[in-house]
Amino acid sequence: MELWYTEEQTDNVRLSIKVKEHLYTGKSDFQDVDVFESEEFGKFLTLDGLMMVTEKDEFIYHDMITHVAMATNPNVKNVLVIGGGDGGTVRELTRYPFIEKIDMVEIDKLVVDVSIEYLPITSSKLSDPRVNLYFEDGIEFVKNAKHKYDLILVDSTDPIGPGEGLFTNEFYTNCYNILSEDGILVNQSESPYYDQFSHEMKRAHSKIKNIFPISKVYQFHMPTYPSGHWLFGFASKKLDPIKDADFEKWTSLGIKTKYYNPQIHVGSFSLPTYVQEMLDNE
Amino acid sequence: MELWYTEEQTDNVRLSIKVKEHLYTGKSDFQDVDVFESEEFGKFLTLDGLMMVTEKDEFIYHDMITHVAMATNPNVKNVLVIGGGDGGTVRELTRYPFIEKIDMVEIDKLVVDVSIEYLPITSSKLSDPRVNLYFEDGIEFVKNAKHKYDLILVDSTDPIGPGEGLFTNEFYTNCYNILSEDGILVNQSESPYYDQFSHEMKRAHSKIKNIFPISKVYQFHMPTYPSGHWLFGFASKKLDPIKDADFEKWTSLGIKTKYYNPQIHVGSFSLPTYVQEMLDNE
Amino acid sequence: MELWYTEEQTDNVRLSIKVKEHLYTGKSDFQDVDVFESEEFGKFLTLDGLMMVTEKDEFIYHDMITHVAMATNPNVKNVLVIGGGDGGTVRELTRYPFIEKIDMVEIDKLVVDVSIEYLPITSSKLSDPRVNLYFEDGIEFVKNAKHKYDLILVDSTDPIGPGEGLFTNEFYTNCYNILSEDGILVNQSESPYYDQFSHEMKRAHSKIKNIFPISKVYQFHMPTYPSGHWLFGFASKKLDPIKDADFEKWTSLGIKTKYYNPQIHVGSFSLPTYVQEMLDNE
Amino acid sequence: MELWYTEEQTDNVRLSIKVKEHLYTGKSDFQDVDVFESEEFGKFLTLDGLMMVTEKDEFIYHDMITHVAMATNPNVKNVLVIGGGDGGTVRELTRYPFIEKIDMVEIDKLVVDVSIEYLPITSSKLSDPRVNLYFEDGIEFVKNAKHKYDLILVDSTDPIGPGEGLFTNEFYTNCYNILSEDGILVNQSESPYYDQFSHEMKRAHSKIKNIFPISKVYQFHMPTYPSGHWLFGFASKKLDPIKDADFEKWTSLGIKTKYYNPQIHVGSFSLPTYVQEMLDNE
């Protein structure tokens, strides 16, 4: 049966994935939510028709959003996850026994419900006792938060629709304010390759570097995202992701990872010249 | 006008690119050759319907096939390029004034002719006086070559059709034999992500590491190739691509590059755990 | 959400329909069964990935398979339907109060079950007391049938897979044998436009005309089938579909139809010259 | 090489045709003009990306636009063709030896030039001495024409872009005024199946029937047009296309046709009930 999920990555580029079954379709107050079964990628989740997570390569994204910061500061106790409704980021965080609290703020409860039902691979640890789920707007949450966090992971969609406010000066400033002295902010930073994505990448980085003393960008290979070339931003009050990384301690934790390792941690901050220039020129 | 070039990257994944014009179609003894004009990627060349080179991102591939070896040994005088009919690899080589001879062996003259007509961006330096074009089989060429080379760049298609013999023990052994003492072999090594490509990646690496004392693999982001995650193999008789790299000398040459830089040179050898394990387990 | 059902109508032609939801997927002993929801066609059913029936245009097919024969002989009492698992053919038959018995022989119970659940528009009359459902092979059924029928409607898939035996001499001969003196056989006869379909059209007609004294072909517009140009065969022992049609009686029945009417009944037997020649030359 | 021409027939339906070569692309003052070579349909021409004519099935359209009127009045001497830049309509007209003059008014010279170069199958008779080519606006032409015509064939694109003015009251009235007493107007009348086309079909028919004493619609199977179900309008001052048709005379001319014949002439005016109701209710 020829059923193809097609993402219009740009007006001129389409990625199509053969689908075995359309497992779920629903509509929340915020977006369309769909789950598909495919031969190539296993199950995958889309929001407003855009690829979010596949069983085949979610490990790449979740390794890279989590372990770079955790190896930089393997003393993190309190973590805030903004977005991340599929649960994969939380799953990686729960592997650190010394983390005491994980607040996850996902605006769209439907994404969590659907992930729990269809994507146990990512959502399995949402029931960890350290995890507190807040189904509310992350923008408001960081404005009103009373406690400090050692780490904030912004696991957001593109800056269109519900994700838009997560790419503003106000949001980044509020993140700064609720971070502890050693605090780190990691945020989904789009891609350098296609214009519409690099435009957002530049805007986000330009804002963050005015707020945080340390602001860098690191890259990874994410085959199901447009161009396969994706970025996270790393910002902190004082910790440098390379100089301050404690790989000895991280390695001693014995956490098995399929993408992340200390070498790629370092290597991922080495950006192509054209990407570095885009970031510098903002 | 809705005209779409579609590459079936796997049986279950298709990348489609909107085409403004189909500039050329032809058939050589070896393969179908086509050139398209597109909004997103400018002109692009396909062989047997598979994406080879686009104006938008050819710089990535050609930077990475050339400059990693050249920074490792910035004393290279004689270079052999196998394949590379679009001319982009030769173009990068001609930027080194101390290179004395570039033998390019491309089995399919039509690819060169079409590139000269439609892709001046890559083919512009094929007329450099140091360049000797041989329209013959690279497999035979390395078997019979009488001179030594300091660098061999295997800029081949996938190991199907004309590219197949370039992934054999015999070919790699002949390359070894015609390399000088400082000699380096760089070869197109497919991709780790989709099974059919990682299968070839593993086979190639497993053969090369039995022949060359030093054998490594490095990665780069190539958005128009399947998964966007692509690899080159680096093999040599004695030079290590990181320890022996002479970045000071390379930088002093003042070669402007859009992707390559010494940081990404180093970083590109840091592979994701799952890729490293695939290579180690062969 | 960009989900597209694609039918490869030929190796070189694809019809793609935007899908809102993949409502059902299943696999019987005979074939894959899928149901989709779409904006353009409402719900539609596919077998082995081929379009069978849509809510938007099923009325065309079911009008034309049923009413042409019924207007030719508005005295039919006993009807045999071979295939027709969606129930649309039976639905049209039940509109004739004087029909006493409708035996429907569908090899694949799953098609009926799925149609009852998802396509009430076609399946609503399968519970009519005059209808007897037999989930068995139509080929065997006509071989062993003891009673005579006044009308046999072969509402089959293409002659590939379960439908294959319904395009044989033996099957048509058995149909002949179990038809009453006034008996009529109507069979799905493919399409004249694309070679693979016209090949089957010619083979079927050539067999039937050797068995039945009267054998004609009539056409209709079926937009969701390949080329949109589709045919039924009309064969009978003595009734001519035009000369013997009793439109006065048919009209007096007051059956409202959206496609069929006496004028199109007559007009549909006027075939394009190239179609007529294909049929004559077999 | 996987190159696909895709026509978005509606927002939710796409027909894709595998292309061997994109033979020509150009842009006139009026529209984009493209020619493709395909396995399934031979060469085909598109305007603004919409399918106009293929080598495989142009005979259907050109038979039906021409011969229905010519059999109704096989005394036609002066013909006006509006549009029809590919030449196929003129080609059919030139087969009638008693036609003395064919004025063809095509707004876009590029369509004619391209057809002459790439589509000899349709354009071959544009050089017939009876043919006068006018590269001007058909709307203006009929407003200012001084001579009477026995037949006007409106071989236009959809009522979007250059074709729009050919679907107005003013245009139809001017056609009426320049037709002789026996005059016939045949016009491209879109399709009943998809809403956007049936909307135009109804509007066109509603205007024409207020102007012409006789106004009918006839249908044919055009597989490469949306839904494959297409219509022409037949309007005249006094001749009825069925009662007045002179099939004896037409047959005596010995014109070999692949689609048209006297039977299908008559049959094509028998419309499905839903189409007839759409036309009656306007």
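Quick notes on this structure:
Chains here go by letter, A, B, C and D, matching the order in which they are written, and residues are numbered from 1 within each.
In this text, a contact is a pair of C-beta atoms (placed from the backbone, for glycine too) under 8 Å apart; a residue touches a chain by one contact, two chains touch by 3 or more.
Just so we're clear, the structure is a prediction, and the values are computed from it rather than from any experiment.
Contact with chain B and chain D alike is made by no chain in this entry. Mostly identical positions are employed by chain C and chain D in their mutual contact, as over half of the interface residue numbers are shared between these two copies. At the far end from chain C, in terms of centres built from Cα atoms, lies B.
Centroid to centroid, with C-alpha atoms defining each point, chain A and chain C lie 53 Å apart. Between the Cα centres of chain C and chain D there is a gap of 33 Å. With centres taken as mean Cα positions, chain D sits 57 Å from chain A. In chain A, the positions touching at least two other chains are 4, 16.
Because contacts link each chain to exactly two others and close back on themselves, their graph is best described as a ring.
Listed by label, the pairs of touching chains are A-B, A-C, B-D, C-D. Looking at the complex, you find that chain B touches chain D at residues 1-8, 16, 19-22, 25, 32, 34, 36, 46, 48-49. Contacts from chain C toward chain D in the complex involve residues 4, 10-18, 38-40, 57, 60, 193-194, 219, 221, 223, 227-229, 257-261, 263-264, 266-274, 276.
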